[in-house]
């Protein structure tokens, strides 16, 4: 029997070595595999190269990994945000290396790694400083630069539900980088709200087939969903129950 | 109000000119837009370049278009099949041009056209006669050849259901080339079993978003489905009711 | 160099958003950049179906949710809470940017630091030493949509023209802008440079030429020479 | 040149399919080529979960349907009616071939006209003048799976060896074959040429060397030097 379920997040990330390249899913907080990141922090792997669209928000998740000093380099499209103070400080102090990639090239380079494409000509970034030093070519009158795949040793992503074969479905815009990162890493680890019986996901609607998934960690339903996964709301954008948010603001 | 519904197949294909490049969906008979092809034959456009995985089966659909003498060139991966007698005859008589493309390169070149990729390095076909004359390159120790996008003026595809925005869902392996061809043609025409009200397709499960679709032609439920689209069987592989198939065989 | 210029009528951002919205035909698929361009969503006429794309993976994006109905899984490219309209679809990042790069969006509306008379756009970096760079999807949007509209004040806070002969800031895209909507006037990018399509209030071709320091084409009489609003066809975008 | 060769024991295709099936570990993702390789599906041990991929867009393919339950929308790469198992998933052609090209399949089993001792495969065209060429997914499968197994008779109908020093037929892929299962013996492709992994019945290294006209390595004692069966890692495939 194929069973990719892993008992907990700690076991799932235990073999990530120092120096690994790790893709982390999510766009901002949506789809960010917070429990897996926390486990990676506790695990202690250092000198990591991280691939993510952003460079952490607030003080949790990816930002906490950065704050713990475990990240040597980050590959992303949009590090600077209103709440990226952890990255901002490290970058200004010269304590983290940044490879800035336009968002669509980032996505397509990750896809290329998963799809066995050696390189591709992209029109994005042509004539800008982010294309400096890259091979350029004009094809049928349009200008392109050559972009190479981005691979990883591990991908940590979040999905709504999985079965034991690792078939995945996502929820809304939390899908973002999950499907392509799953395809581009040697080992893909997924945290899901819910493990469902094999055969209960409609084969027409599976977004990431299990072929791309190595380990599944159920972490429980999000606080804005009920036990059946239906949206009930009642949280702020960070997922905190509104009552708690109000209490915090009152205290501040 | 956006309404991409077109009253009938004849109206949907009426502006396809002589000399057009037309992608036709389907892998063998699965997903082949038979009603649209019949309308294209009746419309009379000639000197066409057709992009399809195959080169027609039996005497209907794409094979009938070929038999009508309307196709100058076909781009495909697998023309020769047990029931490709129409193509076989035309090819042996030198009356049709063939561009043979490995199936994965065919799919990826169609995707590249839809995705704005100027060209890509593929490992498929390296060292074979199908790569002769193509630009080759070794990247990180692996050999690749450079492949260019395949675009079309029109795509004719088949899907299970659409809404009036042109959002599409498919059924089983009839999905095959539909989603990528829809993205690679200037005008995409889709035949569907069923037009459903806007909002009745689950946004998580839409396979082809309406952005890729220009015209939708409802043609009625397939004979192996009931009125609700549920599988009931009772046909042969060509979709003929088994009783009819048996009667034909008895007559033969 | 800007001190002695005459300031003309300036319309508000909400008014400018309404001008832009009025130029977007029903059925268009539109991406609104972070910041001022998001105002265009509020100005779209009720009852017309215009489909909003957000590059983090959705078509058919709706307005902000009601209080208490925020869904952290459902956000736009600016990481704000949004909603889903009937007809929406979700997809992953590679598919979403393939839509842009492949020329499938009709319109995108972006902010700008500078636009050159060749249609070059600078909107992602001031190039200031020590600044933390961040580009996001700006470069993909700039080269992807059939019509790339810029929404901006004509002048910087210190009075310098954002329309320039040549951008001094780092570029986002080359020759990509089709039209610039400013608080003073609307300009089309043409092979002959900027053409004034509409001048608000007491602005004139001459006053705008003085404010920008550029030679301007007068296209305010009748329709613009290109009735399609400078939109490239899908073929041209490719 | 083949007339005087001694024919050794030949196992049947069903027996050979069972030999191949026994080498496929549970959890493998497997693509079975058109023709004889489809027999491997019937030989897979009951109760082991081995996931079949069909390149026309499905993982979790099941056996042929019962009579009357043929579904023309649900076919395999050979355009035969198949079924769907619990855990199945559908996807489009670009995604399906990305799976192969990206090195995500564990095993594919293909037919062959010829395999060279460098692992070159010829299985799509005899190169005969006037023949209608058709390649399908053969070239993608050949370069994509971690282990590329060939299932074939050792000799052609006219008695010539399909294992050769260098292919004379047009190539499908270069250096891509990991192992060849024939009716006489099983051969690994190694840097030193073909290594006999298992010889059926009365076949010997010497008799096989005579049948093939090739120098062969004896790897029949104990396990093969490469216990993984020559599988490339995902990294190597890339």
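Residue numbering begins at 1 within each chain, and the chains themselves are lettered A, B, C and D in the order written.
To be clear about the criterion, a residue touches a chain if its C-beta (ideal position, glycine included) is under 8 Å from a C-beta of that chain, and two chains touch if they have at least 3 such contacts.
Everything quoted here is computed from the prediction, not taken from an experiment.
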| item | value |
| --- | --- |
| Contact-richer chain pair (by C-beta pairs counted) among B-D and B-C | B-D |
| Averaged-CA centre spacing for the pair chain D and chain B, given as whole angstrom | 29 |
| Averaged-CA centre spacing for the pair chain D and chain A, given as whole angstrom | 37 |
| Euclidean distance of C-alpha centroids - chain C vs chain D, Å | 55 |
| Multi-chain contact sites of chain C, meaning residues that touch two or more partners | 58, 84, 90-91, 98, 100-101, 144, 238 |
| Multi-chain contact residues (two or more partners), chain B | 108, 111, 115-117, 122-123, 142, 170-172, 203-204 |
| Chain contact graph, described as a line, ring, star, complete graph or other shape | other |
| Pairwise chain contacts, counting only pairs that touch as defined | A-B, A-C, A-D, B-C, B-D |
| Chain A residues touching chain D - in the complex, by the definition given at the top | 1-2, 111, 113-117, 151, 163, 165, 167, 183, 186, 198-199, 203-204, 206, 209-212 |
| Complex contact set, residues of chain C against chain B | 26-27, 29, 49, 51, 53, 58-60, 84, 86-91, 98-105, 144, 234-235, 237-238 |
| Complex contact set, residues of chain D against chain B | 54-58, 65, 68-76, 79-81, 84, 90-94, 96-98, 100-101, 120, 130, 132-140, 143-144, 170-174, 238 |
| Touching residues (chain side chain B, partner chain D) in the complex | 27-31, 53, 77-81, 87-88, 91-92, 98, 100-108, 110-111, 122-130, 142-143, 170-180, 207, 222, 224, 231, 233-239, 242 |
| In the complex with chain A, residue positions of chain B that touch it | 108, 112, 115-123, 137, 139-140, 142, 144, 148, 169-172, 202-205 |
